[in-house]
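Next come the structures, one after another.
Next come two complexes built around chain A: one with chain B, the other with chain C.
Moving on, here comes the complex of A and B:
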């Protein structure tokens, strides 16, 4: 306790007072310091790079995603009167470099939205099932088992055959499919927390169920769920881009990494790398997230290998 | 005790398949709205629509439709495809064999490779080879299947000109020609599936390595290689069988992408074409085959781990 007080002493006076008030309490949480290995730091750099590109892409890309300004399709890097094509052109003579940048927004945006939906659904239902128990838990859990019993790509294919493909539908499908895994984790965490002494104490004090969920269950479930978020995002990116690759996800002419690989596949035989760059973009993004998650979970005990099983 | 658990597990498996059939039915028949309209497209006349509705039993209540559909499925009457009006069972017949051929060859190659590499990595944890294997497999499971496929085409077909860039399959091929024709999809799937299996084999062995009897063996001075082969591997066989079956189940989704990218005439390609044209009866049939296979493989995995657990085999 005194040790952490000394460490805080370096920071500004007012802040210190604020923190010290709580540092004296017996159940102050241990200070978590996230230190990444050099692999983890490079990986975070790459992830942040792509997130920034996704945010500002349309303003920094030299061309619009739909401009057909190249001299011909499947060309190598060249310059003409419209500008420079750093990575060459795609099958319609569009700038591959600009489309990769535009695609970041589409691929990462949809995946983030779907993962957030999955978390909203999974946590709400998971905590509800854990807190309520009984028949509520029974019904939600059995329905969840049914979704988990199928390969996600199959569920995706069936849903798209039934409802057609559009961006909102993609987000909802991925959100429901991956929400079921979040549900399982959130429910397990919730059940675990609900039998802890501090929850018993809160119940004995006469705190309401909402207070317990807000002040005890959610804060204690937050950290494990946050680590899981990265993994889930990777799965969603792979899911969405696989569907796009199959021609069932994001529809042309919008730029999306998965569909860009598909569209330009024919170019491979002409030695055009137009399909390789977007594939690389997906790979750098997903591998980096996994490396960060691996780094964090190696620090906190469990390794990623266990979670992947 | 053990028999009871196995029987219980089989019962759960059958129940799961029934639930799967309900999901497939509800999603493709009840939720999309007027299925007859989707099947026939915009150009359908009211008369043909009415005929098809009657044929599909759309005028009946939902649960009766389900039981009629399920009965047809069991008797092999899978309905008629939208494209060309061929029966779906005739479309599926040969395609199913092709997919099984591909999956079988992949399993035959990837299982020994994965067990050897997984064991090797577990024998020398922290060595440079272990690091390469760990990093390589983590990267492989983090990227989409089509990325691996694209890179393989780039290396073996475009740069080296060793292999054809698409799958080739004909009736009169010799075994060697067949292997060459299927090389690209096989290589891609082997890489994808092995990565998972290697990681899980390694994790399984390292998990056993932390148990007390292994510590005892280490303290007695038994060499590490011997400990792994004699003590750890034998005890990890249950989990490893589990891993293999789970990953063959994972092939179900890998095959979807790989068959498309290499234009392989398998069941998954048929299903994707069906999804694109919204050929709902065809999608239903393919989905039921894939999902049932998946559930059965998971069932085998679970039974494998029950049977291989000596504590359950010899109850006190």
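Moving on, here comes the complex of A and C:
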């Protein structure tokens, strides 16, 4: 207490001066910046690690993904004249360590591309539905409901059966399927923002719809959507991996975490870890993203988490 | 007051609460506050927003909002230190001894559970009463709080009662467990004057009967004068002055208390407004609404599915301020929305400088939109949180006037100066400003369009009295400087009286009285105007009791609005209503001098006579014989 003389009604001599001291007080205490907890920091470390591996994998991996240089299939870690097999070999005698590194590029690359496509589709249609309303909203929403009503794996299987399995087709299918969930969120956020007074003020000013979307809606939807991007990426990774596990995703001999789990499943009976390592890679990547998202939504008072159901 | 007043219930000793910023620096919020509460005493914490009054009231229940920490002092409830008690014990103490009433009852009640269940829940949960005892007690409280149909109101759902009733039901919820201490956080701030009076009366009665102590948090000194025994004046987390209500109200010593008292606006009366300078007068009204009916839903034969406004005629002269008053739900905001083009009218016209405007926004020309600007009530939601102030104010400049780059920048600084803010604010986000500053930015954005008419929808209602008074000062200065006209919507009569040149009184979607401010605020009144004026609290101890003696209060308070197509809508609350006429025939418009109009079945002479009777009642507290008056009609 610095000005204790002000207490208990000691009036100042110069009332005017006294009054000027009582400036308007700010409403809220200073805003706190986002800081991750130690769990969040470890998780971001893991995610960054995998992203780096995906980017530089082919240059750091000791073997090419297709080199069958191992002495035999399902061997434990060993060294031969070609090099060291740190995590042993797979069912064709290929280096598991190198294939996990190569697979990072394939799995994360396809998932990222598919998630970006899902976002492009979902945000465009979602904001359009929210802004236009009426029959536009009705048509897009009902078509979206139809996609959401079908189990995603089932829908993926049917689409692959119809169009065949190649990397572009996988990306498009995953993009459309997960775009429908993004649509839901984008539309809900859009509806929420469209009824705010600041949008009404822009309308009363006579602003065009594009300006309103660009300057009022998108900046306010960006943060929740960005947080959701992480979660959506996890779903796509799991979706692509599941398809690959069923043999319908990434085709051999390309390395991909999901297909690696399936290929080496037989090795489990020989006490081989070849199918465990790619599974471990999927788990660390997806769980870490989840932990980061949890951390962010906890720090923002849970309001983000609520919007992302 | 009663035998228990000597016993201390709560002692707050040198309480300190702080927040921490990113650099782990301590920001003190409450800086050593000491006061006591005795049993059966109502202690008011008053101050502006940011003064720490809510933080202190919550701290008395040993609670802080997230991000805040207790850094020192003691809070003793019945001699037990609440701050150091283990969490489970705290819960026990709160459940058994304390209750908290939040500002908004509508947000506190669960819409899916009956009122009775919610009122009794806490007392039963903490094992204070059995469900049967609690139910019985709840009904007793409904009687004490003078709620309608007390035996059965508990079976209703929250949406089936009015806002004022819900606020009183929240008091029943708080009192059900017989708490020693109640914390009331701005319980009447969001209410209309007429509803506020009804809630205040019930609170005061029940607190007295139950002999419980209360902390009453508010910025409104006039309300405090009615209900508090002891007043603590706070500024920026420190006590400026404390003392009994009589001492603080009648004899304030601290400069800040005096400043709070100055901000209490005088009783609405004639002659408070300022006259318009002659240089701004013109022949055609800047904005006029003619024979307008509006509402929501599909329109069939010029009648909307839900009619909100009926046959409205309002003219806004250049550089004039037209105050629109009435209780919530009377159609004030709808009128402004029709004027702005946000809601096309079902029938009738809106004219700008004598030229008919299209109903909807899309059909209006850009120059027409520019001339009529809408200012929203809540600056918090009307300003995009992701835009810089410079962009918020700069956009209308760019959009209507094509200003860019340096030119725009210079004009933004100029406009910020007009609303008395420094030009550096252009680089801040709305979050970084105080409530009053945000409201200034909200006005500045409309001002940037260089409009002819500004439609201000309750722009001071969410602000503290001091900050609100400053905004009004600013608006008056703007009017004098630029000649802009205002449509000023408010449920706060005192503010309107101090600012408006003309007043329109709306009731249930119809104009019941309109004319120059000085004429409307002087007798003869429409009975509804009289009710509104009598309901504005005065900064005087004992005002509440005096007012409740008045005839219009007995009839007009605690009755809900009925929206009808025929007859006078005010009939069911009118002390002068004529049975057989008022509820059946639409009242005629009586025109007095200076364009003053009263819509009533009673003639001007009869209204004047009623006024004289009311004066008599005011002084003598006797009941008026309504029949003698009605016989004349």
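By definition in this document, the second predicted complex is superposed on the first by the 270 of 309 C-alpha atoms of A that agree within 3 Å, B and C clash if a C-alpha of one lies under 4 Å from a C-alpha of the other, contacts with A are read in each partner's own complex, and residues count from 1 in each chain.
What we mean here is this: a contact is a pair of C-beta atoms (placed from the backbone, for glycine too) under 8 Å apart; a residue touches a chain by one contact, two chains touch by 3 or more.
No experiment lies behind these values; they were computed from the predicted model shown.
S.K.: Contact-wise, after the overlay, does A:201 reach chain B, chain C, both or neither (first, second, both, neither)?
M.R.: second
S.K.: Quick check on the superposed pair: does A:167 touch chain B, chain C, both, or neither? Answer first, second, both or neither.
M.R.: A:167: touches no partner chain.
S.K.: Does the superposition put A:42 against chain B (first), chain C (second), both, or neither?
M.R.: Neither: A:42 stays clear of chain B and chain C.
S.K.: Between chain B (first) and chain C (second), which does A:283 come into contact with in this model arrangement: first, second, both, or neither?
M.R.: In the superposed model, A:283 contacts chain B only, not chain C.
S.K.: Considering only touches as defined above, state whether A:215 meets chain B (first), chain C (second), both or neither.
M.R.: In the superposition, A:215 touches chain C alone.
S.K.: More residues of chain A are touched by which chain, chain B or chain C?
M.R.: B
S.K.: With the two complexes superposed on chain A, say which partner A:238 touches: chain B (first), chain C (second), both, or neither.
M.R.: Touch partner of A:238: chain B, not chain C.
S.K.: After overlaying the two complexes on chain A, where does the chain B footprint on chain A coincide with the chain C footprint?
M.R.: On chain A, no residue contacts both chain B in one structure and chain C in the other.
S.K.: What part of chain B is in contact with chain A in the complex they form?
M.R.: 16, 19-20, 23-24, 27-28, 31-32, 138-139, 141-147, 150-151, 153-154, 157-158, 165, 196, 199-200, 202-203, 243, 249-250, 252-253, 256-257, 260-261, 271-272, 274-276, 278-280, 283, 287, 290-291, 294-295, 298
S.K.: Sort out for me which residues of chain C touch chain A in the complex.
M.R.: 19, 21-22, 27, 29, 31-32, 48-51, 66-68, 235-236, 238-243, 252-259, 340-342, 361, 364, 366, 369-370, 373-374, 376-378, 381-387, 395-396, 399-400, 431-437, 445, 449, 467
S.K.: Contact residues on chain A for chain B in the complex?
M.R.: 145-147, 149-155, 157-164, 234, 238, 241-242, 245-248, 258, 261-262, 265, 268-269, 271, 275-276, 279-280, 282-283, 286-287, 289-291, 294, 303-306, 308-309
S.K.: Note which residues of chain A are touching chain C in the complex, please.
M.R.: Listed in rising order, the residues of chain A that touch chain C are 1, 3, 6-12, 15, 18-19, 22, 24-33, 35, 196-198, 200-201, 203-207, 215-216, 219-220, 301.
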